[in-house]
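Note that the chains take the letters A, B, C and D in the order they are written out, and that residue 1 is the start of every chain.
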């Protein structure tokens, strides 16, 4: 019989439940051996949808880690638990796929990275879903092949559909802010296309609350724009929004000295166009998952493959820390209203005090 | 002082008025010297909009032709008058730009052609507006350059926006039917891209009345599909409609052995896209003129240039007759329900009588 | 333990191997219990890719049908074997998913249908992949909801990328011709959108060999255009090609009295656009599978669900027979050069012999 | 006879010659009475193309202003002459259409504005061509109508095609820099869509030289990104480039609380799409004039109409000064590397000196 990776999913909320189903149903080389969630309502769902297929449920994370034969853990619960759970899993010799961000705190991110580096035999990945999307990968392949010359400018946006409820306001308590929560994907893309070793020169961000004034209490905004300068003649600029009328509209442009690649310049739900009295219309994905479902499934399969076949992960965990650093700097620039500058060693440059 | 072509427009109805204004305002090398229309309401408009700029009005066509210094006539009135007026203008030694079709009768078309051929010094053109459209011309240039190999298939459609009034029903009395009135443009395009000397092998057409059952009394339909086979391995197929919800949606594909060119595959009013709650929407031209305004202006200017500079017309009058022949055959096939076949000499092949 | 459908795949050629993998890896509720193929090279692949995961191989179809516990059979071998294998499977009380077409012979199709009707408890489906495509389904939902009024015109094309080898010529020996092999999908779509009970009034087809003159020996063409009139004011027109420069470009339009739906009007491989010196470019799917991979996976899963949960198949087997009838009529019209007419009872109307 | 506006064009370089021809040939209510240019080569062209149609040439600007009957002047020469010539024309009681920018110096701009305000009877306009483009106008109409709620974010870019020569380097000597020369259009659009009275809160810009390192000597860049914050919850962000591989790709998005409008999200030369072996391709405009030709013609006609009919200009001259102020601030931020902040009175806020 063929060996299947024994995977456990921690956290069965919205994204966690999806991860669980991806491993259960759409990752042929993995078994969903175990799942952890302390919430009774979530467990009820799991009893109906996971347990009949062989998954064991746990309400205690440490017990979950001790599940016989468990090899790998997907950390998919609330952001504030990501780092703690990831660290404990690594310490228990489990391979880890951790939802982004590792943490909203740079120090905590670095701690996870340090712990992971003590176990070089483990696959520890941060779940940047776009890294697994066919279109972003096609773009990466072309950039690497030199199709656009030297990449010089990245424009990237993560734009969510407006919701009439207060979801985004509640979410802001823990999300780390719009640049950390939403643009982190775009930052990761910039690092992918520019090179992971790109050194930040300056960071600036501004933002407004167009429809969600209650975000202000958390120092957050519903629309933000940021610029990140890198040494070596590279600029990334970002836009994030929680208030799009039409749906999830994430677009990225990579502009090189000799060409440009656009990913998702024309968002679309499917291949249907409607000719109506008011014109020609197409629908667009309503949520992040609508847009990236296939990327998440690829993620599950490639994580599994890396572990089973001893392959190198498609990208380094250190990159996830770098992305959080940049995102946090954008957030800090947003709140302080200041441009933040760095020297080539990566240290923040504090404006000189005038001499007396 | 620079010589300007002295032009007269016959017929100041919807399209005639536009032609008049194009020569008056947007054809720098021409003067709108005269205009003819017997209708009082139309003349009232002309007195206000043309006369102050130097145009003389006539209510008698023969008087109009005698306007001192008149050099060229645009025949833009009702279809049933096209041929008569064009012939009289040619006989009076005027250059002629005649709206399509010359006539809905092949015999009459041929008569106009014969008369024109007696005056080789005159420019006599039929107003196939798409021949002057930048996109169709770009396609023609590429086809001639061999960019798609040998052109083998043409798909072309002329689709009007549905109107809630009975315009199309009244219009059908004189229009010659949907293939003669609408698809004649597409037929002309097929002859352009395949070559004017293409010989028809067979013609088939079918149609329905989706929303305008009153068309039936005139043997016409509001949606028609036709196929024209040419000798030498070439097929054109056509669609015409009077019932589009969205607007004027004329699309053409030229498929060659080594590539395909699409003209107006994605109709659009302008360069604006609207992101709304219901999706992403663009508007489309509502009328034929919305789509082809610039082509009509180019037509005025090039007709003027041909006459003033003694240039050859951009296409032969004989092509206009060939297009009417094909359109009439499609109309006949629609009405009889029969496929019509031709030998290589262009003669209709009548099914053999079975031997006794 | 949860019950999984025990599936066997017959024929492990290009599409068969894909079906096998879909059931093995991407259909959580099914097991690929068995596979049949007589070809040694194909079996070698299966020994490596299927057997380790629990699939038993057979080189004799009858033995394959006797595989212990086998519940369902996917008939995916060469077209000429479809009907025989499907019939034997049904007779052996297996549920059947049969690749299209059931047969290129109407009589044989009807025989399969008759046999299937003797076993109403079995799920017997013909694999019209587009029925499982998200975009075609979205279109169907909108048509049913009345979004475009009454559907009146369907335009649909199946266009394959040109191949420099003689694949399509060899294929033509058994394929039944371009209308039966390629446009059968479009015909099926027309029946879906117009209603399965639509009655054909007339059929006309023409074709050429633009690049593959060797097709002529099989009475086939590399580019064909056909029109199918239905009683009740409905027209479908089709285009099929084997010579597209760019790739798989299957497009469908459903035109109703009050709107139009376009499926895949702008073919695209993914969401990437390339800005290059020569303009803006996107790539397109190169093969049918590139375009419809996800539809095939949905097909496997829904077939499995229908059987396990006793659900009605999403469409009737009778429709597959109706589609072959229309496709064969188009092929006959192509070869004879004649329009074929039918009365409302569905009988071909033979032109009256002239009276003596 | 109908009165025609007597127009003179100053400067017959690339854009000046086009303006001259627009007034000569495509502005029915205007005569090109006079033209001024000191350059012999340019005059040779004018003698051939303008003089035969009644235009008088001048090599002395003051003589040109004295041309009998001259009513209006188009200032279209080099940027450094714009202000001087505009002022002299106003002082000579001529209506003025001045190419953008009035000047690269804010003080000079304000001087022009002051002079213009002493002659309220004169039409004095700055030539922001996009204000006359059908698509930008459609967007403005929709914004004013409230279609997108309150406009909150504007993204706008002006991207020129890369040139292999050193045009952009030479041009940088006088252009005022990329934000003043290129993004000034985008800034003007932001003021249009946000309201002319919008008050700047902060300005930040960064830039690189991706292909034109020689720009550095002029303190300029070939790719620049800038953010302009306005009081009242409005942000505009800009991108300008001189190095696009594909052509002129100017795109604008206006994002409101309830919808978004995109102008030219998909640049295209015309309505042609090419299906080739490498995919589907369309060409894009190569130059600014390719994209905005019709807007320039509309500009000529509306300027003429404003003067002849005593209409208010479609936008205020003061806006042109405001745009230069913002553009200059972006340029200053680029060069200094500092974010520039303003109080609500529009005064630059200098960072407090730390107290001793």
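Remarks
As a working rule, contacts are C-beta pairs under 8 Å (C-beta built on N, C-alpha and C of every residue); 3 or more make two chains touch, one makes a residue touch a chain.
This is a predicted model, so every value here is computed, not measured.
Listed here as common contacts of chain A and chain B: C, D.
More contacting C-beta pairs link the chains of A-C than the other of the two pairs C-D and A-C.
Among the remaining chains, B is positioned farthest from chain A, on the basis of C-alpha centroids.
Both chain B and chain C derive from one sequence, and where they touch, over half of the residue numbers involved are common to the two copies. Centre-to-centre separation of chain A and chain C, using mean CA positions: 40 Å. With each centre defined as the average position of its C-alpha atoms, the distance from chain C to chain D rounds to 57 Å.
Residues of chain B found to touch two or more other chains are 244-246, 258-260, 265-266, 269, 275-277. For chain C in complex with chain A, the residues that touch the partner chain are 1-2, 24-26, 28, 52-54, 134-135, 138-139, 142, 147, 258-266, 269-277.
Residues of chain C that touch chain B in their complex: 148, 150, 152-153, 155, 202, 204, 206-211, 223, 225, 227, 229, 233-235, 237, 239, 241, 243-246, 255, 257-260, 265-266, 337-339, 341, 351, 353-354, 356.
Interface of chain D with chain C (complex): residues 244-247, 249, 266-269, 275-284.
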